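The following pair of complexes shares a single chain, chain A, combined with chain B in the former and chain C in the latter.
Our next item is the complex of A and B:
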């Protein structure tokens, strides 16, 4: 299981939610509605994983989305998904780089 | 009528034209028989044509009867059979030396006259005997055995309306009494074997005569012709029932089966009643209509049987396409208005509200598999009765859904069997559900009308309608009524019955003789709805009701777990709670349905057309400990870790 607390300490990460590919909710840090976040992550990850296969990206590792105010990064850690809310959105690239290390450790 | 003195017959009963008997002026001799003559007369009071039957005194005395008593008995006998297909008696009287009966005059011809020119078209012949069977059943219900059913006694009027006449031979079954019960009467070509052997005439022997009449109409020859009475007798006693398809190869099997069963040597092997014969005739009519439709060019429509035609035109006389069945209508009304909140979420139609759309049932395993198994039993094996069983609180709702699922391509009626229904209550209740209103409120009339309605439906949609009787317990106060309904379904082939109840129902139905002895009742067992099936059901509903461009609605796993727990897999409750969950989410302008919605949504009513005055408000922190404990229990059952406790943890 990923160390959610260490991910939540990365600068720019406002909250983190641990879920699975079926949308199941397992843990959260600084997130009031982890259940909804895990549901959305499960749906988005499943859809984009299929799209990634079509595009020839190989197995999915990370999804990033950014808006004007905030961004989200979804990282696959084994069978789990971690969804990190990033604020401000400009910090997204730095968070992605920082996530590579625990992601690599987690497998 | 005064008591009998001993007048003699007039010089010639056939030369009475112009004579006035009561209000009736005799105009024309139209028939003569063993017991007298029949005149067409004019009722000078009511100005209507009337048939006047005048007794031959000599003939009556030759048979050892008191002529007046005999004549009066016939009039009373027929008068007490109140049925539109029995020739009506207007009155009976004696004037001078003439005893006469005034009867309804049927403008048309007899079956005998029709068959003199050759075989009658099968659909017309079947329609004629169908109507005769209705009349015969009414007579039997009144305790009257006709004893002389034959083509000559079937009077076919305008529009194919057929009436059964001449009950003169029936007297042995009523007022004349048992002393004459074993006298062989009737016409040799149509007389049942047991009568030839000297047994008493029964309803079954009338059914035999009707079968022989049907054979004659269909083929143009009686079933056992012969050079003399002895040869005919031997045919009835020993020859196997002939197959009418030897003479008319294009006849449907159901026509042949109707004839050969009615002509069984053993009365117990014939149709159990004239009503059962009637149902068989309805089935034959359906098959004839199907055959006609198959032979018709595309789009020509399916001709209706003569009995169903408006204005009384016979199907044979109607030009093709004049009377066609309209395309099956969509019987579902317009959907109820959806709340604005749901519309904003992109629902093309209201979810979880009415019968599940086909997309849901096709993809949802419990319904799809039950429907498939039922249809296999119903259509492929052509069985009248199938049991649908299961346990638990969700069974009734699941049965209802199966009934709905069956209703996509056929008429499917769902009837709750009341626990204390009387026999009559069951039949009448089914008729009301089917929209069958019968003026004559007897079970016989109701069943007949039900069969007629189902036959029409079967013809329109080319699928046998299904009657789902839910909550049935066997034995039941109405087990007898149920047996009669099953008999009607079996004999007519017009509809099928699904008996829904607890496991073991099929065996109980066999044991209680709801079906004929030795007949098997297949049982389709429904399994309880599992949690993942609830999930699949909800997702299928959402997919089916969202517009193509709408973003998805997500339902969290915890919401599904709570939904399963709260509703115990009962479909009606799942529908209610799900719809209320959606309305709650829509009010929050959220597309993700979570455990809060599943916990908060009421299950006793839907927020149907208008939102409540005040929406429940989501708490600042969810779930509270007591709900988390419930979720933990649900998650344990699903093999998931406990719901995370994040309250108070900042990192």
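Our next item is the complex of A and C:
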């Protein structure tokens, strides 16, 4: 199980939500409506996973979205998805790197 | 268009480049032979759905990168003539992220100019066959009547707005109306999963944009939500369940 509190302490992480592949909500740190975030993440991850399979890219590991001032990272940890909202956007790469370590261990 | 896509194909590790509009209509593609038009069209539709939902989490997204076991997919938003288009690059693990970022930025600028020029003109010189077919008339770039895909991107919802407006906090006229919305979300979740709650919020905004939701608007809401269910049998079951 992902240690959400540790993830939320990564510099640049504004909030973190733990959900599952079906969009179910498990836990949140500094996020008022974790249920919506988890459901949207589940939907996005499922659609991107399907597209990746069709393109022969294999299983999906991570998603990063960036805008001018903020972004978010979704990391698959076993059967779970962690969605970390990142602000400022410049911290996105560092947050991705920080989240890669637990992801590589399978959560 | 071909030149723009070819410039991205020349990046090391890139195996296909696609351009599609917000309805998921493929406007152009280039890639290794396995990435044919049928595959690219199907993938474009799936990616457009994913990006509609990304838009809910972050309205101002510019790039989305999905990392896979055997490669990555980089999506860059290109807004031309007030329409969102997407430039997508399919690559293996050898793609140099820094080079790709610069190349995508350049290509997106050129594509924007191309699309704006193409929209102002009645002809579309330089488009490939898939692009030409996609540009025949405005209807071609819109979801057709048979497409029940929710137009989430146009909803104006964003991560921050959703975070502050949970389903329980959607404005309702009375407790019975609130209970009905909860029932709607539970029934709809059987067919679309947990995102049902988001669909209900969006549906309420459509059927009752100016005032709190009330039971006299229930049928309009159910019909609106039913459009999110692709299977006609499931759609009927959903409508019957909420008609009781």
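What we mean here is this: the second predicted complex is superposed on the first by the 105 of 107 C-alpha atoms of A that agree within 3 Å, B and C clash if a C-alpha of one lies under 4 Å from a C-alpha of the other, contacts with A are read in each partner's own complex, and residues count from 1 in each chain.
Here is the rule we go by: a contact is a pair of C-beta atoms (placed from the backbone, for glycine too) under 8 Å apart; a residue touches a chain by one contact, two chains touch by 3 or more.
These numbers come from a predicted model, not from an experiment.
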Taking chain A as the common reference, can chain B and chain C both be placed on it without clashing, or not? Answer clash or fit. clash
Which partner does A:51 contact after superposing on A: first (chain B), second (chain C), both, neither? second
Of the partners chain B and chain C, which touch A:8 in the superposed model: first, second, both, neither? first
Chain C versus chain B, contacts on chain A by residue: C
Which partner does A:62 reach: the first (chain B), the second (chain C), both, or neither? second
Looking at A:43, would you say it contacts chain B, chain C, both, or neither? Reply first, second, both or neither. both
Which partner chains sit in contact with A:23 here, chain B, chain C, both or neither? Use first/second/both/neither. both
With the two complexes superposed on chain A, say which partner A:33 touches: chain B (first), chain C (second), both, or neither. both
Would you mind checking which of 7-15, 511-519, 601-609 or 637-645 on chain B runs into chain C after superposing? 601-609
With the touch criterion stated at the top, can you tell me which chain A residues are shared between the chain B interface and the chain C interface? 22-25, 31-33, 35-36, 38-40, 43
Mind pulling up the chain A residues that touch chain B in the complex? 5, 8-9, 22-36, 38-40, 43
Note which residues of chain A are touching chain C in the complex, please. 22-25, 31-33, 35-44, 47-48, 50-52, 54-72, 83, 85
Residues on chain C engaged by chain A in the complex (per definition of touch): 16, 34-35, 39, 42-43, 46-47, 49-50, 53-54, 56-58, 60-73, 90, 159, 162-166, 193-198
Taking the touch rule as given, give the residues of chain B at its contact with chain A in the complex, in rising order. 552, 554-558, 590, 592, 594-595, 620-622, 640-641, 643-644, 646, 649-651
